[in-house]
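In order of appearance the chains are A, B, C and D, and numbering begins at 1 in each one.
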Amino acid sequence: MNKKRKIAVVITARPSYSRVKTALQAIQEHPDLELQLVVASSALLERYGSAVNYIEKDGFQIAAKVFNVLEGENLAAAAKTTGIGILELSTVFDNLKPDMVVTIADRFETMATAISATYMNIPLVHIQGGEITGNIDEKVRHSITKLADYHFVASQDAYERVIKLGEDPVTVFNTGCPSIDLADKVKQNPVLDFDPYKKYGGVGACPDLSKGYVVVMQHPVTNEYQDSRKHINETLYAIKDIGFPVLWFWPNVDAGADGTSAGIRAFREKYQTSHIHFFKNMEGEDFLKLLYNSKCLVGNSSVGIRECAYLGVPVVNIGSRQNKRARGENVMDVGYEGEAIAAAVQHFFHKGRPEPSHVYGGGDAGIQIARLLAQLPLRFHKTLNY
Amino acid sequence: MNKKRKIAVVITARPSYSRVKTALQAIQEHPDLELQLVVASSALLERYGSAVNYIEKDGFQIAAKVFNVLEGENLAAAAKTTGIGILELSTVFDNLKPDMVVTIADRFETMATAISATYMNIPLVHIQGGEITGNIDEKVRHSITKLADYHFVASQDAYERVIKLGEDPVTVFNTGCPSIDLADKVKQNPVLDFDPYKKYGGVGACPDLSKGYVVVMQHPVTNEYQDSRKHINETLYAIKDIGFPVLWFWPNVDAGADGTSAGIRAFREKYQTSHIHFFKNMEGEDFLKLLYNSKCLVGNSSVGIRECAYLGVPVVNIGSRQNKRARGENVMDVGYEGEAIAAAVQHFFHKGRPEPSHVYGGGDAGIQIARLLAQLPLRFHKTLNY
Amino acid sequence: MNKKRKIAVVITARPSYSRVKTALQAIQEHPDLELQLVVASSALLERYGSAVNYIEKDGFQIAAKVFNVLEGENLAAAAKTTGIGILELSTVFDNLKPDMVVTIADRFETMATAISATYMNIPLVHIQGGEITGNIDEKVRHSITKLADYHFVASQDAYERVIKLGEDPVTVFNTGCPSIDLADKVKQNPVLDFDPYKKYGGVGACPDLSKGYVVVMQHPVTNEYQDSRKHINETLYAIKDIGFPVLWFWPNVDAGADGTSAGIRAFREKYQTSHIHFFKNMEGEDFLKLLYNSKCLVGNSSVGIRECAYLGVPVVNIGSRQNKRARGENVMDVGYEGEAIAAAVQHFFHKGRPEPSHVYGGGDAGIQIARLLAQLPLRFHKTLNY
Amino acid sequence: MNKKRKIAVVITARPSYSRVKTALQAIQEHPDLELQLVVASSALLERYGSAVNYIEKDGFQIAAKVFNVLEGENLAAAAKTTGIGILELSTVFDNLKPDMVVTIADRFETMATAISATYMNIPLVHIQGGEITGNIDEKVRHSITKLADYHFVASQDAYERVIKLGEDPVTVFNTGCPSIDLADKVKQNPVLDFDPYKKYGGVGACPDLSKGYVVVMQHPVTNEYQDSRKHINETLYAIKDIGFPVLWFWPNVDAGADGTSAGIRAFREKYQTSHIHFFKNMEGEDFLKLLYNSKCLVGNSSVGIRECAYLGVPVVNIGSRQNKRARGENVMDVGYEGEAIAAAVQHFFHKGRPEPSHVYGGGDAGIQIARLLAQLPLRFHKTLNY
């Protein structure tokens, strides 16, 4: 009798969950795999959107929850959150005894997953390595690549880069990004068939969306910790008098999160705008529909680089966070300057949609990932080939 | 007025200390540098040789001690030791506020230093990256390379490899290994001018060393955790009836440490040999003198690959621990097989010394390292150049 | 030459700081004492009022900061925050090497201070033990009493109770509560000589305070974790249509903190009241002036039981948090019922001040505490005397 | 349908396991209870006797293992071990969701169990509170009493003391000590029906036991950390020339453990005695048989005070560790002085057995404990009744 392979996937943040949801489903449905879903860090916390609630609502069973976010408006807290994560995840892996561990992308806490699995001799799979962004996330991303035994990357660029980093080509697979799977589904039925105010609450004005609107999602950038409040202010003031509806999403946790959140709160106390609504979060599919029907996305979210390329949604990409990531024609890069941001938004608001691009895959990443997890040898030894 | 640059160096094990001692001295004596020596992990523990005592005896002031070794005969303990290390080192760095942090080599706990410094935006210097060994240490080593801002490597091979790993060549320096500095000093005055039994105690027989002797130092290999006792037994039984004096050194802490130590203890209880003496540890310089005057070194210590090459001491290198490391003519590789080990020792015992080799530098690594630390820009941003 | 005694005082929350401020000043000014102020937990966090800023502004030097608050809307987070606190404080005490450690009151994190000091054989002084409140704080409080070597209590009741708990009477001292020292100072000059809106910002309406106002400060109650949102709602709706100005202060961190905060935020989004202003925090002296000039205090803060007794300010004390604490004539107890709360506030708003009471000391607690710390034997052995 | 009550019992050391084994069996066999056995701290470690192996061999299923012993020859390590224990146990309790948690006695790590359960609102049962011993264990013991919701004490003395400490008499039960249950069983069949050398290995000489022998078990005393080596030396030299067989048991982990172990190791290296055998550990029943047939027990183990009283075995009780514990006629107290120890052993070796005493119960403690756990209300609120 064949025993199912136990695949532990650690989700640490709302965006990571959205990104790999189709892969989780494919793992769950695969006859030879057993999904062990571990939810950790900000994915558990209300003030970062309680991804855990969506996960449960989507019907996933959670094998373990790991609370490890240490509060503090300083960089040491990020390090310590990782340290606590290692302590906890080691216990979790010791109990779940997974055959493979999957870690996603490049947030600082994902390093905890990578270290626990590596040191416990559990084969480690890294999803979405090989990309370049030019900040601390990039250090973490490539560092995890060097710990990982298998690499499921999202683009041809990334594929080549991981191999240049010395990984054995037989361990690297360009599956595309599973987030595109969802975008593909949305593209086939893109009607905005729900009322976002009613379904997701949030605060602020409820402007009429029927004549077009803009979506904003801006995260703090770790390396620029002390500037996060200044940066968010530039965007806030660019948006303040923009003249058409704005749907604003709160940021994730990060070393500078409080600067960003504080900036938004201060703005809201000061101005009673009639065209901005603030959401804490939204289910992935609904969010993509909202984007699809928007005039443009403003901010520094990776969704602009990935899903929006596939959907053909214009993006005003602010600052350094997505620096150097492969991108389609839909992206306009601007600095942290209110005027430039406002001008870019105006431009897109009055212009047609760009062509879609397949730079991040073709919509079957989840299926590919599950198949690979079921078939790849369970190995955790490797050495440089140069 | 110029303020001195504060350089935090974290020592986690006895061998690392020996290896970088001349660099520490050069930092301490450099007019523009202030050394902040942090002693952590097994370097603090009696059963791994209390490196801390030697450090203090050598006149270094210790800025902070970090106890983070979690007991347990399992792999999770290694992960957790790293997690606790991150928690503690973050606090230490928050208090010491170093301008740069130096981490050494590739033990699992060195990752804690690398993560704390990286996440706290402190420029990270990695000593002895770029080498290949084919086990978990290699994963850790290259993973640290991807976090580090500067790389002081020990050989031309390593230099080229770190650059292939995508590091900017202006951040990579082949300083040679500082351990060779000490070997150079010993080479100029190699007389065994102390009585090892008297000076270092230890247990077991005290055979006459005047007609030649063999030194043994064998560490557990993390990936082969459950085999560590079997491996050590092969060596013990190869040595048991060897017929000439043997000086045996206890291993460092590691996931399999207890297997190795238990094997040695069991052997000692069972056999009352008259030709083996066991040492817990020895000061670096004395140890090199002992090696220089020995017939050969047996085991899997990196000292065989590095210092012994420079000193021209034959080495019976057992198993996979030093796999693929650049080596001189002095090394004979054997598997974990008692007979092969015994034969190799016999061979070397009756043969002349090999030629020395400069593969790991020319004896001025410490000075070079201090100079670089004083001059390099304090930066912690980087991105892949391919 | 006499060396000064090093006294480490660990502050974990804004109210504790206010409470012992005069003791800290007296320690700092005492010729035989050296104050080592450690600031930890929510005292460091912006969303709990950043007590650390006030501490620094008051001219105290901080010897160490300890970030240990683990985020999470569950009870395990409180336990883990304590665990991390022990890890960190042990390192801090190891570095500072205090002669005595002082822990204050009964918050769950204060247990971390008590355990670290006890296990490290440092004499432990507990301020404000012996009181009864009937919830988890009481368990923690008496548990710390059994670890502490000296007890500086705030009332005669508490004095007798600590001795009944088996503590040697020569180690128990009724110093009164140092918070009363500050209240005494305010009583001598009670004029509201600052504009609270200007000086402390905050959000909401800025009603005219000249014809009387009410102050609200309500904390979540740990044992009633899931009810904290319901409780705060009762108070919010009692206050909503009350007809005179209300100055509301945000709660401290606690297992239920998010429920309370979330309730307040939801209320603010829903209602645009013109008579409520929300403050994050206020310096102790200003806060006492504000209380002195108010019609009454509403909520469950201990300030109502202590300082308000001495100042003669009426208090509507809600729920179980101050249960069984010795109280003066100024307190009216009500349940978590909007109507009862509203009625009590109406009652006090139209009635004169009650008589002051000296149940918590006479205004010289800080001086007494410093004197005792300088003179008591440094001992950490004890045994039950029955 | 009735759901079984889940009872989590946390075992942190070999002696605690022996002590409560009959209670664990009774819980396991009780139709309304489900045992959740958590094994932690030194109970998992080989060098402290691997209690975990005996637990598994006895047929208990282990619900979770918690590695939390931090290595280090200092007092901070004890504190940190407790901190890590809290972190880990909180996760364990979060997963197991026990209805009650049982903590045993007074070792420093038992505080971790008490704090995790208390802060998570899980009713806490304390076994063997209320005793007095005059050292840090006593502080910990009474401190746990103040956190515990129920108290199962071992003697009438302890019963009265816990009530004096302010606990509600309806929550205090004198069950006797479950260790006596086992002693009772042994007493009914006391023949030494196994060869201890063959069954338990160990090291050293194997003297003939047929004409009488002495058992030694001496633990370090936390408060006297730096003296532990000196203390053990006094006992070692008292025993060295004693002239009849000695069976010596290694100590548990403690802040001073390394001092004690180091002393024993040094002694063994120096002297080749022909009358001393060293055991790492022994199953509880066999150990009691060994004691029953011995001339006396030497050291500071609580087994001398409890089981030996019931069995009528003489005890040379050294130093302060059992200070003030209620004791029978079988105990002779001596200081840390080789001569006094030697004289006491000589005295007992040539004298008859003392009368047994029932001071620690009548042999049905395990059954009583299980019954109470099944019936007591699940409450975690309490308040002082004076």
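The working rule: contacts are C-beta pairs under 8 Å (C-beta built on N, C-alpha and C of every residue); 3 or more make two chains touch, one makes a residue touch a chain.
Molecules present, by chain and UniProt name: A, B, C, D = UDP-hydrolysing UDP-N-acetyl-D-glucosamine 2-epimerase.
Fair warning: this is a prediction, and the values are worked out from it, not measured in the lab.
Participant: Could you tell me which chains are in contact with subunit A and with subunit B alike?
Facilitator: Both-contact set = C, D.
Participant: Higher C-beta contact count, A-C or B-C?
Facilitator: A-C
Participant: Comparing centres built from CA atoms, which chain ends up most distant from subunit C?
Facilitator: Result for max centroid distance from subunit C is chain B.
Participant: With chain centres taken as the means of their Cα atoms, state the distance from subunit A to subunit C in Å.
Facilitator: 41
Participant: Calculate how many whole Å lie between the centre of subunit B and the centre of subunit C, each centre taken as the average of the chain's C-alpha atoms.
Facilitator: Centre separation, subunit B to subunit C: 52 Å.
Participant: For subunit B, give me the residues that contact two or more of the other chains.
Facilitator: Expected reply: 74, 76, 80, 84, 87, 91, 94.
Participant: In their complex, what parts of subunit B are in touch with subunit D?
Facilitator: 44-47, 67-74, 76-77, 80, 84, 203, 258, 262, 269
Participant: Within the complex, which stretch of subunit C touches subunit D?
Facilitator: For this pair, the touching residues of subunit C are 74-76, 78-80, 82-87, 89-91, 93-94, 108, 111-112, 115-116, 118-121, 132-136, 138-140, 142-147, 161, 164-166, 223, 225, 255, 323-324, 380-384, 386.
Participant: What residues on subunit C touch subunit B, complex-wise?
Facilitator: Contact set of subunit C toward subunit B: 64-66, 84, 87-88, 91-92, 94-95.
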